[in-house]
Structure formats: structure tokens, C-alpha cells
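Structures for review follow.
What follows is subunit A paired twice: with subunit B in the first complex and subunit C in the second.
Coming up: the complex of A and B.
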């Protein structure tokens, strides 16, 4: 990663869906709390609308997509917008690895859902660190 | 090669395979040779239930009466008890169910099958199942009702 380039985080925009809410909670935890300097949150709806800045963000930086269901709208939209997906995550796959954390609720996630979002955010924070360290090595080469 | 009846309701397309029978609950049963019957979920049931997170099917050797619990699936929306459409003994469980239950969603009539049962009374049990055309009609009506089209 060179200079100010950040990893772009694009979560699901599914409103009214529990797993979509988990994806957004994870994205907020990652971009606001865990790695605010190394990441940038891009709203999927802006990509759908063809927002210039959002499209430029995904075109210029590696993207992490967090999808709430098999439709994989976040991943598809980033690809369609000319972005480079560094990692695709599906919330359901994360839940499969953490069955005790069954998310419930929509506008407000239950405790398990919030914990699942945090687990996902922490996994992605490590991934962001890996990208940064790889790019750092590249910068020194 | 399997043929399908197909309908589109709202934005969803539902398929019914024509080479097997169906229970009222939306499970299919397909006879394969002598008394071996493969069981799975219909396309409508899997779409209505949502993405499958976990599938737990009773183990090989389990004896089932028609109406017994064959297993359960947990989806992103609901937990569903799967009711066996036939009686007999489970002789094979789809190994994909343990770690890749998403096959139920991806290919419910093929790789997403659940189990094979050595039927105790296929002739009797199959008389309680419905043919694909009848199931297609019921399924379509149900789908349209849920979509608010009726």
C-alpha cells in the first residue's frame, strides 16, 4: 500500500436482514474502532448509484467485501465497478465457524450477533495488517 | 436426465423435478433400485427456508417410521425439523451435509440430497406421497399466496 491508500471495506446493504446487519456491524467495528487509519468504509448503495468517489475508491484500493447472503451483492458490485477484491467474506461462513454466536435481531443485534460481528472484524483487521505489511515490503524493495 | 416443471413467482423461479415423489412438507423421495430411496428438499422448500448454515441428519443405521424426524436444518431464517416421508433405515447420509450443507441451496435435487433410506414399505409409503405435477400445483399456489399474488 502506498502512502494514503487504504483497504476499502464494502459490507452488504441488505436492510431488514440479520446477516446483513452483522456485516455492517463488523464493517463499523473494523473501520471505526479497530483499523480506522488503514481502512475506508464504502457504502454499497453508492456503488449501485455509480457515485464517482465510491467507484474511484474501489478502483484504486484493494477491497474487502462482506456479504450477508448468497446473492453476494457486495462482491458482485465491487467487481462490476472495476474494483479488485482482496478478500470476500460471507457472514454465514463465519457463523458456521462460531456456532455458539447465533445472530438474531435486525435493527438491534442480540449479544451473540454483536460478538460474531466483532469476531469477523478482528479477523479482517488481521487481514488488513497483512496487506499493509506486504505493501510495506514492496515499498522497501 | 432430470426434467423440471418451472414457475416464476415475483422474482423467484421455482423448479420441481419430475422424476420423484413429494411429501406435503416439501421433501422429495426418489426410488433407486430395490427399496433404496434417496431423500432431499424441494427447491421451493430450500428457497423459502433460506441459506442453510447447518444440516444434521440422523446417522446411518437409524430406524425411521414415516413422520419421524429425519434430521434438522438451521438456516439464516429458521430451524426446520425434517420429517421422513417414508419408513425404513438410513443406509447412507450425504457426506456433504457435515461441512458443505450449502449444497441443499445450490443443487437441491442433485448434490444437495440428504440421505438414502432402505425403505420398509415403499409401495405403501409412496401411496402417501404426491406426484410432481400435483406438488407443482400446490407449491405454485403457496408461493403465490406468500408473494401476495392471490
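Coming up: the complex of A and C.
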């Protein structure tokens, strides 16, 4: 990753399940609070429509996808848009590792769901740092 | 003849993450789905039109669908039309803001007070549109209205005009005259006929065809082949159901 390139974050934002809301919340936590400089949020709806800028974003930068269900819409759309997925995260897998944080609610997450989103965002922040440091080493090589 | 589930209205929100309007569409859609019209509406995630299966892509043909978009790019409306079927109505949040003289919504994760007002205004318009569409006659075989109420729906203010992820319309792939054809709602139709205790026979073939052609276009002259196929598939379905039980 060089210059202004940032890690692209694509959540599924699924509307039918609470895990979709967790994916959206985690993406906001990551891109707005934890790593605003190193990440860029790309809307999945733009990829569905084939928006030129959104497709260019995922084609030019490593992408992290966050999916709320096994249908993995975010991962599939990034792949179909010519993107390079650096990491795919399934919210359900994260929940399995943190069973005390049972998310509930779709329009508004409960406290546990918000905590789960934060845990996920923090894990991804470390991943973003790893990518940046690897890229920095590459730049100096 | 067995009845399929009552007609509902489909709602597809853009849910765009990078604009306040996207968050408004999501919250407005959920308000309608969860509180204002829970029994009359159903939704699907927009990307499933590409990432999902044939059943997901049949959504906007099966249900008269309202697309709710946050901005003039109209991702939900355009993608729905491109990959599923023409939405029965489209609503754009930025149009509502202008038409009602509301303040621009701000915030992504959490909307400001103006944003919450826009959510309410959008949800009210969606709910009203649901009511109008439920009064109209929707042809599932054509994915369009078949009566003049369409014009009424299209003339409502800023209108230009429980399912969820992965719960698309059931479809079944069958071979008819050597060609594979995907028939929307066929598994549901078989299920209802079985529940009604219908046995395969010549008369049932015509009834099955009558039901199938509500949801699928049947090429002229191919009715006998369809009847033959439907009866064969129904026999297989009953056989499998018997084995399963």
C-alpha cells in the first residue's frame, strides 16, 4: 500500500438480520473512529450497480469484507467487481468467539451487539495496521 | 384450487453506508417492515440480486416492489430493474427532503434530529405507497400492473411512480421439451397442492398449469408440454415427500 491508498472496508449491511447491522456498525467504528486515515468505506449498493469509482476503489486497494450471513454478499460483490479481498470476516464467526455478546435488534443494536461490533472493529484495526506495516517494509526494500 | 400466500409489497433499500440518505433508507424501510406495515411487507438485501440465486432475482417480479434510495444515483431502483424487475414505485430521500422543505439529514451511524424527521417522512410515504400498491392488481407473470391503479401509484407526490436475506422466491428448474426452464414459485405450488391432498391426474395438470402461469410466462402452444412436465415433477415431488416422511 503506497501513498494515499487505503484499505477499503465493505460491510454487507444486511437489512434482514441483526448480524448485518453488526457488520455496518463495525465498519463505521473502524472507518470513523479507529482508523479513519487508513481506511475507506465503500457502499455495497454502489458495487451492485457497478459504480465506476466504487469498482476502482476495490480494484486498486486491498479490501476487507464484513458479512452478516453465509450468503456473503459483500465478499461476492467485491470479487465480482474485480477487487482483491485481503480479509473476509463473517460476523457469525466473531460471535462464536464472543458468545457473551449476543447481538439483538436490526434498526438499533442492543449493547451486546454494539460491543461485538467494537470487538470486530478492533480486530480489523490491527489487521489494517499489519497491512500498512507490510507495505511500509515493501516501500523501503 | 389451493391458494398461495397473500400478496405483499417488496421493499428494497439502498442502505448506502457513505451517505446520511443511505442510513435514512435503511431506517425508514425497517420502520415500515417492523412497525408500520409488518404483515404487508417483505424485504430483500439489494446485493442478493447478483450474489443470490434465481429465487432472489425473481423478487421484484413476484412482489410489487418499492425501491428506496438515498441519492440521485438511485442504486436500489436501477439495480432492482436491471437484475430483478422494474420497481412498482421508487422513492428518493433527497426528493422528499426538497419536496417537504426538510433540513438535510446529517450523520451516518447515528442520524441527527433532522435525519430522524426525514426517516419518519420517508417511512410514512413508503407505508402509504404500500397501501396503494396492495389495492392494485399486480401480475406476477408479467411483473407489472394490469389495471389503471398503476397510474394512481405513479402519481403520488414524490413517488416516481417477512423475508430477508436469502429468503427469495422458491424456484425449480425443470426440463420442458429438452430445454431447462426455471419456474418461479413451483415448489410452493406443489406444497400447497400436496397439502390439499391433490393426486396427479389429467384434470390436475390443467390446474397446475393455471397456477404456474400466474407466476411464469408460458409460451403460446407449449401448454401440453408444460402440463406433461408439471405432472411428472409433481409425481416426483410427492414421491420424495413420501420418502421424507
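We take it that the second predicted complex is superposed on the first by the 140 of 141 C-alpha atoms of A that agree within 3 Å, B and C clash if a C-alpha of one lies under 4 Å from a C-alpha of the other, contacts with A are read in each partner's own complex, and residues count from 1 in each chain.
Everything below uses one rule, namely that a residue touches a chain if its C-beta (ideal position, glycine included) is under 8 Å from a C-beta of that chain, and two chains touch if they have at least 3 such contacts.
Just so it is clear, the structure is predicted and the values come from calculations on it, not from any experiment.
In the superposition on chain A, contact is made by A:92 with subunit B only, not with subunit C. By the document's definition of touching, neither partner reaches A:112: not subunit B, not subunit C.
Subunit A has more of its residues touched by C than by the other of subunit B and subunit C. Shared-chain residue A:59: touches no atom of subunit B or subunit C. Once chain A of one complex is fitted onto chain A of the other, the partner contacts of A:18 are limited to subunit B, with no touch recorded for subunit C. In the superposition on chain A, contact of A:28 is made with subunit C only, not with subunit B.
Touch criterion met: A:74 reaches subunit C, while subunit B stays clear of it.
Annotation: subunit A residues 17, 69-70 touch subunit B in one complex and subunit C in the other. Touching subunit C in their complex are the following residues of subunit A: 11-17, 20, 24-25, 27-28, 32, 41-49, 51, 68-74, 76-77, 80, 106-107.
Those residues of subunit A that touch subunit B in the complex are listed here as 17-19, 69-70, 92, 95-96, 99. Within the complex, the subunit B residues that touch subunit A are 50-51, 53-54, 76, 102, 105. Only residues 13-19, 22, 26-27, 29-31, 34, 43-52, 73, 75-76, 78-79, 82, 108-109, 163-167 of subunit C touch subunit A when the two sit together in their complex.
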